[in-house]
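My questions will all concern the structure given below.
A, B, C and D label the chains in the order they appear, each numbered from 1.
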Amino acid sequence: MDKISPELIHTLSLLMILTSFAAVEARNLRHATIAYLGQALLICGLLVAYSVQNSALLYWAATALVTKAILVPWFLWRATAGAEQETKPLISFGVSAVLLVGLLAAMYKFTHMHAGLFVDPESSIAVVAETNLAVAFTVFVLGLYAILTRRDAIKTVIGLCLLENGVHLSLVSLAPGIRETALAGIATEVVVTVYLLLYIIGGIREKFGSTDTFKLSELHW
Amino acid sequence: MPKEVVSIFPALIVIVPAAAALLIFVLGRFTGWLRETLAILGTAGALGLSLAAGYSCLQGEVLTSFSRQFYLDSLSALMVVLASAIGFLATVYSLKYMRHEVQEGGLPHTTTSRRLTAFYGWLMLFIATMLWACLSNNIIMLYVAVEASTIASGLLVAFYWDKRALEAGYKYLMLLTVGITFSLFGCVLVYATGASILHSGAKGLLLSDLRSVAGQFPTTTVALASAFLIVGFGTKAGVAPFHPWLPDAHAEAPTPVSALLSGVMLKVAVYALVRTVSMFFPGFAPVAMFLLALGVFTLVIGDLMALAQDDLKRMLAYSSVSQIGYIIMGFGIGTQPGIYAGLFHMLNHALAKALLFLAAGSVVYGTGVRRISQLGGLAKKMPVTSFCFFVGALAVSGVPPFNGFQSKLALFVAGAHAADWWAVVIGIAASLITLLVLAKAARSVFWGPLPDSIEQSHVREAPLTVTVSMVILAVLCLAIGLYPRAVYAPLKAAAAVVQTIANSQTVAEHGDPLYAKLQSPAGPTR
Amino acid sequence: MSALGGASFNLVVALLIAPLFEGVMRKLKAVIHSRKGPPITQPYLDLLKLLGKEDIQSGGGAVFRMAPVAVLGAMLLAAMLTPMGGKPPLGMAGDTIVWIYVISLAAVMIVLGAFASGNPFAYEGASREMMMVLSVEPIVIASVVTAGVKAGTLSLGGIIDWQLTHGPTMSMAFAGIAFFLALQANLGRLPFDIVEAESEIVEGPFIEYSGPRLALYKMAFYIRQIVFSFFLVSIFVPWPMVKVYPLAVLISLAKVLVVLLVTGLIECVNPRLRIDQSMNYMSRVLFVALAGLVFAAIGV
Amino acid sequence: MASVSPEQLLLSAFGLFTVGALVSIGGRSWRRTGYTSVAFAAAASVALWILAAGTIVRGETHTRAYLGLGAIGASLTFRIDRLSSVFLLVVPFIGLAALLYSVEYMNHVHRNASARRYYPFALLMLASITGVITTSNLLYFFVFWELMTLTSWALVWFDREDETKVRAAWQYFVATHVAAACMLVAILVIYTRSGSFAFADVSSTVGAMLRTSPALVHVVIALFVIGFATKAGMFPLGGWLPQAYPAAPSPASAAFAGSMTKLGIYGIVRVLFEFFRVQELTTVWGGIIATLGALSIFVGTLTALREDDAKRVLSYHIIGQIGYMLLGVGTAAFFLRSVPALAAVALIAGLYHVVNHACYKSLLFLNVGAAEYQTGTRDLNKMGGLGALMPTTMAAAIIASLSIAGIPPFSGFVSKWLIYQSTIQGGLRVPLFLVFGLVAMFISLVTLASFMKLIGAMFLGKLSTAGKTVTGDVPISMRIPQLVLSAACVLLGVAPILPLLLLYKVAQDVLGSTFVSGYAALFGSNPSGITLRLGNEIVGAWNPAYALAALAICALLAYAISRSAHAPARETASWYGGEEYADDVVRFRAHGFVLPFKQAFAKVYPSVRLPKIQTIGFMQKVLNLDTWLYGPIVNAGSRLTDGLSRTHSGIPHVYMLWQVIGIAVVFAVLFILLK
């Protein structure tokens, strides 16, 4: 089994935080889509980087390239046609940036203190796992953050994708050496969900005139 | 120990409706009744196969397919029989009902035929994915199947494609996907930890193997994983406070879909929850205790919310929340009688709530009105529907001699045995509220004078295919209530499965109070 | 003396001597009013005259016709249950509770007869009769129960025996006083002749009765006077008890005469009360009776 | 019937009721369905009577177990003992009479409704009542109890077009189910302690329970008493009763009054005397039940006095009459250990009153039903003078009224007399019972007043406008039940020896070994009457044979006197002070009867609209559960629900926030729990 390159993986995963942040904060939905595309490519790269240890991950990388980097951005691109500007979010950029830094620091602290809970500290993957998990959690929480604070339906879909990426990143960092991990990763792609959501959002745009989810409160109580 | 038999049945149970779905999508738009025929055939096939498989399970076998990827034990057998039976009845109900809805519902920009094709296709897929979820032995595939059932039903919820339906559909997909992603995180944690303990990725995926090592998981992992699993699958099951998608989706979906959502999908989610979380029960007892508290909380919230509803279907949906609370409470009690009661109530609620939704749909079919306050005096015009609704309401509320009484009683007895008195008292009080809510709704919908706002001549009893499903369910409710022994054996076997998941180490040393009592019904054993 | 003989004796007293007491009382009232008054035998003459008079039936129906018969029958039965100088002759057939309810049977029949007559005055009278029963009977019951508590038995004979052996007690005195205070109402005498109230509702329940049926009512009314008086004197004041039977009877008759004279005296000097005033008065008397009961319960 | 075992008899009765119900579901014509149902009910009743008679002779019978519920170790077992046989004799009797009466009544009054909504439920109700009486398993007791509630509920809402009746049915439903829930909790507590639902195991557990957790035992009994007393209509839990019973068709009300209401008493007797017969329990709860019984007597009857709707009058009287039974039973429980003979007399009195009340109250409902059948109204102010046209009904009504008022020699008198005796004898030991006795005797007169009003307003006097269309008495099939029931009222009154012998045996069974007196030592050896003895002393006597003979002689004498002068008779119009008035103008309304008295006692029961007296006003506040218990609970509940509803704002983000917070909270809680 070849040695994986920690530097490469660190670099890639840290870049993921930047892309996530960009995807969440970009006011233009198409810019956000491009940021997400960048992140998808990063995940593919990470998977390839891990594949020195486990060649099955290449299949996942290939699938991810198709689904995450091609299909989902395409769907998003199509869905944002004609309405590129996002509905004003609940929390603005400055606050978000502060929160993000705090979040990242907290996750770092947490994973570095409790990494032993998730991976065997003696194993070869432990070094990268600590950072990767921190990144994965951060991406996950950023996804949640997007879902919770962005009023635009399409932005929440992007948030959902971020959630998924976070889970995938943690999956690959927790158990990179097992062949079944690749299978699990491939099986859990949410591309169909994204397609369906965007389809329904299309209907919503048609009926409600916008994709502001705050208007979706006719059904209550 | 049951012996494992390799069989094609478990796979076929999923494949038959899935194939029907494919055929419907491909061929459905060509001829008039082909899609309906295919749908009936698909669900009937699934039902037949499930019953056959369930029979062999009762003989002490466990059926597996595809190197244990599909795994059909008594618990799964119970679930697939339930799911396919209600699926079949819902399909039968749809035959006339959906034509009526599509033709008179004022659906824009699509032809009737395309709409119906889409409906039956997605319906079959929905049923297939739910069956798959019940049969999967792979923890990741379990997640995938549950998510797939969300996807398959997403368009069904938004079927009417008007403002309300779209809103419901969006919330449904969004909230459930977020929730399910949580459970994915939980599954990944369990898988990764299990795999490292088992030193095998393949085994780390299989629930049947994971359960044997769950006791060795680190505590924080257990807490984190259970939290994610409970919230994740709990969202799908409609556990409070993760339930808000439920009334919207149930109310806006076409009636057969509501019946399936409430009757089957919630149960599948509970099944997934139990399959995964119950592996922590023996080593980590507080998990079960937490589930109990969560169940009680859910049943109270559901009942209180149901009290405030004026929309018939929303009211039923909130009542489903509360009944899910009872089921979770049963599992949370954690003892054999508790799990038995939980499963029993799951079965009964599936039948009764499906019946209620179908009857509510029949009311909407006849009157076009869903507001309880705007309805009244329908008993004369719609006697069968009225009768069925009353049966369903009494069954859900747990009034003898209907089935809900038997399971609620078993539940309270189990709770009393486990000395969870607070839960029992709250449960009984809440079941009174349920009774209040449902009986009140039944009274104001079916009795009193017919309001002027409803056109007299328009109101009529639903056609035969609509009523026959309701009558079958009503008869089942009554039959199980009168003769609960009929379902005792399968439920006991299913409970034993959960129990061995949950309690593989302790069951032998404590003995089993339930079965001990069976042998000597006269005297107490403790 | 056998029960049958005693019963027959009581019957005779009730039928033949009761009007005499009425005559005496009329005479007494006349004296107080400074009138000459009718002869003592006037009640007998009244009765005989009525028996021969035309029987005008406005109500019709069996209930209307049978009511007076049943009332007199019940009163006679009550007379047989009442001790008149000794033990009650029909003691084995009924105790004090039976006695009370036989009396109320008579009230029931009066009310039913009044209803059956269909006359609004009769209805009003019946309503008042019922209210009198409701307000007076509790006092009777309380006094009788006091006696029962003291004696440990409710049978009339037992109570009298107990009284004779134990002598007067505080609680029995209270009960007796209460019974006496209610007696006026029981006898339908002023100030409590609210039921008949001739000047107001023209004989109330009896307005439609005439001839022989009215005679039966009159008879029953006379008998009620002596039944209650005998009950009072033999339960609450049985002393002195002499062993010689005829003498004992004579003593009882004398006591009854005294009681009736006192009630007559009261009647002469009081105007009629309204029904609510009457109920108010009775509720106060009830407290006296209950005081007796409380004393009995604590053993005084 | 040596060849037929008791078990077969019982099962065949169940079978007949059920088959009858199934057959009558198919029925279309009111009349034919009715007669079919009567036939089935009659056959079942005969089976039950044979069973009851056999039980009285032979003692109790146990049956095999049926319908086992594996999961909780319960199975349906029956035990017919003498206590159940008393009810087994009465219930089918009343049920049959009511059903026979229904045939014409329903056909006439509810012609437009469907027979399927009446007869099946009526038969099933009788079946479930039979089940309640005979089962010896707590769980199935509860099941039958609920079945009984449900089927009777279906009869209460028979007339579902009328909004007030629907509301009454609803109130009934809620009240009885709250009570049932209380019972269920009690049953569960017992089950967890004894590990079984069998009656036999319950009593053996109580001793241990009393040692370990005495408070719990009291809670359990309280829950049971709430459950039973609600059904029986005891004050203050019986508020639903005067609403619900009048809503049902009259024969159904008769069946309720005669059979279902009594099961509350049955339950209390079972619970107190069989399950919890430990000295400190029976004393406390006997006292409580007797007190509540006396309260019930007082409030229920005084409230009845103010009602002008005939069926509501009767319904309030149920509350009052239930009080008498509870007073008897409570007194019995109180003196169970200290004075067994007194306890026996009180218990016999209570049960005797159960039997009597079943007969006369059902009869009264049938009488009122007959009047309603003819005139279409139940308002006493609008009726009058029906007696001349309906002599049979009037005779029956008078007999029933005098029975309920406790006028000798009718049936109510004997049982009430025994209750007076036992309370006064109890009062010699514990003076509180004297008060109860006084209340019982006084209220008996109020009952009398109330029924004088009923009789007077319905049957006597001049014919009212509402009765102008009446041509004759009700059909023969409606008269027969009335005649049979009035015969029963008379018989139970003049020949008390028959029921007393039976009830004495019941008392022997129920009281067990502590009670050793022979029949003659209690009630005397004279078969024609009762000479009540406690210890060696005669405490009271009532001999209906002697008294009746004397009364007959006296009445004959009186009649002879009245005819002695051969006075001529003449019919004439009533005298209105010389003026001519229309009857309806000068008519004395039922409402005015004893009006000043009613005003003096206004407001004893909640929600009376008359000026009130201060002290009673306070009592009313305390006893009106609506204002201080139900009302606040409902308000708090609706506020809570409102608040909860507002949190469901509909915005998806809010819900997702719940999920996220949920994760954090669940994790935190689990983390803490697992540490």
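Going forward, contacts are C-beta pairs under 8 Å (C-beta built on N, C-alpha and C of every residue); 3 or more make two chains touch, one makes a residue touch a chain.
Please read all numbers here as calculations on a predicted model, not as lab measurements.
Q: Chains shared as neighbours by chain A and chain C?
A: D
Q: Could you tell me which chains make contact with chain A and chain B both?
A: Shared contacts of chain A and chain B: D.
Q: Measuring centre to centre, with centres taken as mean CA positions, what chain is farthest from chain B?
A: C
Q: Report which interface contains more C-beta contacts, comparing C-D against A-D.
A: Between A-D and C-D, contacts are more numerous in C-D.
Q: Taking the mean of the CA coordinates per chain, how far is chain C from chain D in Å?
A: Inter-chain centre distance comes to 36 Å.
Q: List the centre-to-centre spacing of chain A and chain D in whole Å, with centres computed as mean CA coordinates.
A: 71
Q: With centres defined as the mean C-alpha position, give me the chain B-chain D separation in Å.
A: 44
Q: Can you give the whole-Å distance between the Cα centres of chain B and chain C?
A: 79
Q: List, in ascending order, every residue of chain C touching at least 2 other chains.
A: Residue numbers touching two or more other chains: none in chain C.
Q: Of all residues in chain A, which are in touch with two or more distinct other chains?
A: As it turns out, chain A has residues touching two or more other chains at 144, 147, 156, 213, 216, 218-219, 221.
Q: Out of chain B, which residues touch more than one other chain, so two or more?
A: Residues 170-171, 174, 178, 220, 247, 308 of chain B touch two or more partner chains.
Q: Per the touch rule above, enumerate the chain pairs that touch, sorted by label.
A: The list of touching pairs comes to A-B, A-D, B-D, C-D.
Q: Within the complex, which stretch of chain C touches chain D?
A: Touching chain D: residues 7, 11, 48, 51-63, 68-70, 72-77, 80, 90-95, 97-98, 100-102, 104-105, 108, 111-112, 115-121, 123-124, 126-127, 130-131, 133-135, 137-138, 141-142, 145, 148-149, 152-155, 158, 202, 207-208, 211-213, 215-216, 219, 275-276, 279, 293-294, 297-298 of chain C.
Q: Once bound in the complex, which stretches of chain D touch chain B?
A: Going through chain D, the ones touching chain B are 65, 67-75, 139, 142-143, 146-147, 150, 157, 160-161, 163, 166, 169-170, 173-174, 177-178, 181, 184-185, 188-189, 191-192, 194-196, 198, 201, 637-638, 640-642, 644-645, 648, 652, 654-656, 658-659, 662-663, 666-667, 669-671, 673-675.
Q: Looking at the complex, which residues from chain D come into contact with chain C?
A: 385, 387-388, 391, 394, 398, 402, 405-408, 413, 417, 420-421, 424, 427-428, 431, 434, 437-438, 441-442, 445-446, 448-449, 452, 455-456, 460-462, 526, 529, 531, 537-543, 546-547, 550-552, 554-559, 561-565, 567-577, 586-588, 592-597, 600
Q: Could you please specify the touching residues of chain B with respect to chain D in the complex?
A: Touch list, chain B to chain D: 170-171, 174-175, 178-179, 182, 219-220, 222-224, 226-228, 230-231, 235, 241-242, 244-245, 247, 284, 286-287, 289-290, 301, 304-305, 307-308, 337, 340-341, 344, 377, 379, 394, 399-401, 405-406, 409-410, 412-413, 416-417, 419, 424-425, 428-429, 431-432, 435-436, 439-440, 443, 447-449, 483-485, 488, 491-492, 514, 517-518, 521-526.
Q: Flag every residue of chain A that touches chain B in the complex, lowest number first.
A: 114, 117-120, 140, 144, 147, 153, 156, 160, 163-164, 167, 170-171, 174-175, 178-181, 183-184, 187-188, 190, 192-193, 196-197, 199-201, 203-204, 207-208, 213, 216, 218-219, 221
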